[in-house]
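Shared chain: chain A. Partners: chain B in the first complex, chain C in the second.
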Partner chain A sequence: MSLYILSKEKLPEFVKALQAKFRVVGPVRTETGYEFDDITDPEQLQLDYSTTILPPKKYFLPQHEVLFQFHSGPNGKGNKHLELRPIYQDVQPTVIFGVHTCDMNGIMLYDKVFAEGFRDEHYMERRAQIYIIGIECLHPCDEASFCKDMGTLTAPPIYDLHMTEMDGHYLVDTGTEKGERLLQENLYVQMAQKEDIQRLGQLLSAKWPRFRMRLKVSKDQTPSLLALGYKAKIWEQLGDRCLACGSCTNVCPTCFCFDVEDRMDINMQDGERARVWDSCQLREFALVAGGHNFRGKKSERVRHRVMRKGKYIKQVHGLLGCTGCGRCERACLVNITIPATINGLHDEMQLESGS
Partner chain B sequence: MYATPLINQKTTLTPRSYDGHTSIFLPTVATITDIKTETRLEKIFTIRLPNGQNLGQIPGQFVMVSIPGVGEAPISIMSSPSRTTDTFRLCIRNAGDLTNVIHTLQVGDEIGIRGPFGRGFPWETFFGKDMLIAPGGLGLAPARSLIDQIIDHRTNFGRLIILYGSRNPSELLFRDVLAEWEKRDDVELMVTVDRPNDTWTGKVGVITTLFEHVQINPFNTVAVTVGPPIMYRFVTMELLGKGLNPEQIWMSFERRMKCGVGKCGHCQVNHRYTCQDGPSWTYAEALAFEEAL
Partner chain C sequence: MPAKPKIAFFDFTSCEGCQLTIVDLLQTHLGLLDLVEVVQWREAKTEKGEDYAIAFIEGSCSRASDEARLKQIRERAQVVVALGACAHLGGVNTMKNRWVMENVQTYVYGKDGQNAYETYPARPLSAVIKVDAVIPGCPIDRHEFLRIVQQMLQGRTPKLPDYPLCVECKLSENSCLNKHGKPCLGPITRAGCDAICPTYGDGCEGCRGWATEANFVHMREILRGHGLSDYEIDMKLTMFNHYQMHELGAKAPLTTSTTENVPLPTSKFSAPQED
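Now for the complex of A and B:
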């Protein structure tokens, strides 16, 4: 909408001003890398970070989210009586600083998943209070990134504010009215000038060659490659290696599958029902009460995950389920990666057709 | 792109308003008004929604049944819309942690209900057709929601053929109703058991052995089969052998479900959510999914 200049020295003051009204979270440095956490001191905020272990999805879909509380006790006639009270957890004005463009693409998918079909008010209530401040990625995070392949190198139109580091200050783009109001909260920004905008254009063009391509097929071809490669041998090979630990889905910015758990208080009358992150890679995921498991083999589960990322989610919600962030690759204990899987499938299919 | 048009939100009880919020996960508190022990494993529960509200289901839909503190699971609705007034019925097998607790409940106890969910059988599109319904085992419970609906609109349909297979005589469901159907001129019922006992005088064999005893008009028949996954492979082969097209064969899918509203991911069959796009699918639709059968 509009472009502003925020000087780097004024960033801490901006953060402080926001803290007066909002919970402010962002990337901070830890012993093992970076992670999104609450910012108590503006100096903790690390906008020039590589990647975080978990994406900011935890603020959108908490790992353990209470859906309702219940009381289940005898009524006057000795019958079981139920009282239910819905809970909308973690609904508070929150500013998330420093969201990479890949992660914004993940959030854009979440917004569709939870709004389309049955509207999930637990998500939507929380989402309405979240402000996204993106940061333009001028360098790839590391060797595992393949955002350029997945088309997530640029910011999707979901940010409230988006910052690009330029010549010792930040160029701030306002994406929404919400974001516009955030900027009005502080006195540290000034309108960008024509030269700033030209300079931004140069800066963004210059970033393109720094990112490498890793896939042998374009992202638009992956759905058809996966459709044709359903019975490929690569799934068995990956299934043999996979440990079914679920690390890949835990760190994935587009994974949203959940289990539902009840917790009963020690008085055996009060308790709560919560949804918790689940993983399609775990053996029990598709098991039914009669004992039949619809995805009992690891190869079937690995395939399901890749199919979901590269095909199924797009069929349902119109967006691919992979942002190229590389987190599953970094987390995998046996080095199963999306690029190697897609490329391996491509190679196998090429051979098949050539023979 | 493909999935959303099948979502049927009109008939659902949830989301409902509560304190100005709506939650798709909050069950409606309902009361058990009757319990009938059907077999060693199954009980029939009659359930009343607040103010006797009609469930508003389509045959073949399911509800999510909750015992807070224990869990929630999808259960097929046994009642046809034609026989649903201020109560509806569920036939529940004691097969897991949740159903185990459900079986200990008493008349007057309250449970949580969400739904009805899913795509039911489009029974009105079957008008004028001969109906061949082939339930196996517990599949007779969801099939009954359709059979009773047909019987209550009997003149709208051609023949009504019911081929019911059960593992053994003691597991036969709804014996009183089977006897009623047996007496009717306009219902052609055949029952078989895999493992007979000394008192069994009926047919013996798996459900597919019944098919040789029926002649059908393949141009005007809709077949509906509900049962365990393994059964579908063999029943569909019989039906195709009788000249039916895959489009004329309907089936109901069982999957693990945690939400019922197309979010939790457990019930996915390829890109489809069984809880929303199913559980009722034609064989033609099922053939398009690699994971279906």
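Now for the complex of A and C:
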């Protein structure tokens, strides 16, 4: 849409103006790194952060989300009676600052997952009130990043505003009408000039060589590679190492699986039903009544996760389930990584085909 | 609702901290007393009723003579719940099992120690009687206790997480201690405590027992990466879980002997002097 110039000194003013009307969140410093958290003082905002343990998905699908409250007991006539009251948790006007392009790709997939097929009311209600302010990645987060391989190094069209740091100020691109209003109503900004736009083009082309490629195959080949490698030996090796701790999926910007649990009040008549993040890497995930487990072995679960990321999700929603953000690699204590898995599978398949 | 189930609390070798946790829970959840009738609870009431449906037992069994009392409770109760790490696992009481009992007695109580106090290798309740449900932890998590009581009142099988603590650390967005040079048994320990120790910066010591799929081989590797010796790793794995490690035997072998002929530690606190 339109491109504006926002000087760095004016950013706190913008944040302050937003705080009057929105919950403002963004990357802040922690003892060991960064995390997305509420911004109470504009100075906390660290737009040049590297990465976070959890992606901003926690604002779209909270770790623990109450779906409804219930009351059970006799009605006026003494019959058994159940009342339900839907809850829409964390639905409030929210601005998320500093979303990296990989995470925007994750949110783009979330938007499809929760809107296509069964439309998830709770997600949609919350989503409608969220503003995404992206930040252009000019450097890789660290060695674990492989966003370039996954094609997530550019901002997908889901941002309301997208900022690029350039020569001591930000160039702000408005991606939506509501983003345009968010900027105009809260700050006086000037349109970018022709020279700014040229300079931005140079800046964006110059960033690409800074990102390395880590996959031996292109992302478009992963679905067929995975189909071929379903029975590969690598899955057993990875399964032996896996701690079945679920860290990889919990930190993943595209993992969305949840479990549903009821909590009773102490009076044993009222209670609430909540959904909590679940993980396909945990033993009980595919355990069903009667004791059968569809993925009882860790090797089957590791494989399932990679299949989801590189094949199944694409078949259903048209997008790959991996953004190359590197979070699973950073979280894993036994060094199971997507690039090493894909490359290992590639090598094993090459060896098998004798080429 | 039918008549309130009668419950009783008992303690064996323990610090009674788990029962204290429940006393404390009552300060905020007094409604619990509308759900159950407590007929015996030495720590909290004087009367002693012997007619109870659910027995909550804290503590490990560390004396042969305790077995009879345990069996009596088992006979009277319809449901026996192991309360806390000592009852569930044997817990820290089993640390003494690393040494020959006679030496432990002499070390702690002096020359006549063997005659002064009866003891035998500490063990979880399940080694002596059938246990129907477990509330793990040192001490127990009060919310988990409440939830399990509620599940039993609903006629449901009490359910514990079977996955490791890492899940809870990630959901709380804790920075991984193992990634930052602090040994943590979280990757092999059963979740359910909301990862309280790692959340406050202390590595998990495994007080809730092992996760169903605990990967000991790679946990050891992670701990070796922190510079821990095989002996130190064995000590860590047997702090709360000595009994379990010996039950697992070859499935999760310890690398050093922790039972036979290992000299007692030279503690900075000397053994009590005899008069």
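We adopt the following convention: the second predicted complex is superposed on the first by the 347 of 355 C-alpha atoms of A that agree within 3 Å, B and C clash if a C-alpha of one lies under 4 Å from a C-alpha of the other, contacts with A are read in each partner's own complex, and residues count from 1 in each chain.
We take it that a contact is a pair of C-beta atoms (placed from the backbone, for glycine too) under 8 Å apart; a residue touches a chain by one contact, two chains touch by 3 or more.
The structure presented is a predicted model; accordingly, all values stated were derived computationally and were not measured.
Superposition of the two complexes onto chain A shows chain B and chain C fitting side by side, with no clash. When both complexes are overlaid on chain A, the residue A:V334 reaches chain C alone and has no touch with chain B. Residue contacts after overlaying the shared chain place A:M264 against chain B and chain C alike. Contact with neither chain B nor chain C is seen for A:S218 once the two complexes are overlaid on the shared chain. Looking at the shared chain after the overlay, A:V288 reaches chain B, while chain C stays out of its contact range.
In the overlay built on the shared chain, the residue A:Q92 is in contact with neither chain B nor chain C.
When the two structures are aligned on the shared chain, A:F118 is found in touch with chain B, with no touch to chain C.
Once the two complexes are laid over each other on the shared chain, residue contacts for A:T40 go to neither chain B nor chain C.
More residues of chain A are touched by B (comparison of chain B with chain C). Of the two partner chains placed by superposition, only chain B is touched by A:R273; chain C is not. Superposing both complexes on chain A places the Cα centres of chain B and chain C at an angle of 70° as seen from the Cα centre of chain A, in steps of 10. Put simply, the nearest alpha carbons of chain B and chain C end up 5 Å apart when the two models share chain A. Taken together, the two structures place residues 264, 268 of chain A in contact with chain B in one case and with chain C in the other. Residues of chain C that touch chain A in their complex: 1, 29, 31-32, 34-35, 146-147, 150, 153-154, 162-164, 166-167, 170-171, 173-176, 178-180, 186-188, 211-213, 215, 217-219, 221-222. Contact residues of chain A toward chain B in the complex are 67-68, 70, 72, 77, 79-84, 86, 88, 113-114, 116-122, 125, 230-231, 256-262, 264, 268, 271, 273, 275, 278, 280, 285-290, 292, 294-295, 300, 304, 307-308, 311-316, 318. Partner chain C is touched in their complex by these residues of chain A: 30-33, 35, 52-54, 58, 63-64, 240-247, 250-251, 263-264, 266-268, 276-277, 279, 282-284, 298, 330-331, 333-334. On the chain B side of its complex with chain A, the touching residues are 1-4, 7, 9, 15, 18-19, 21-27, 29, 66, 68-73, 95-96, 99, 105-106, 108-112, 228-229, 254-256, 258-259, 261-266, 268-271, 273, 276, 290-291.
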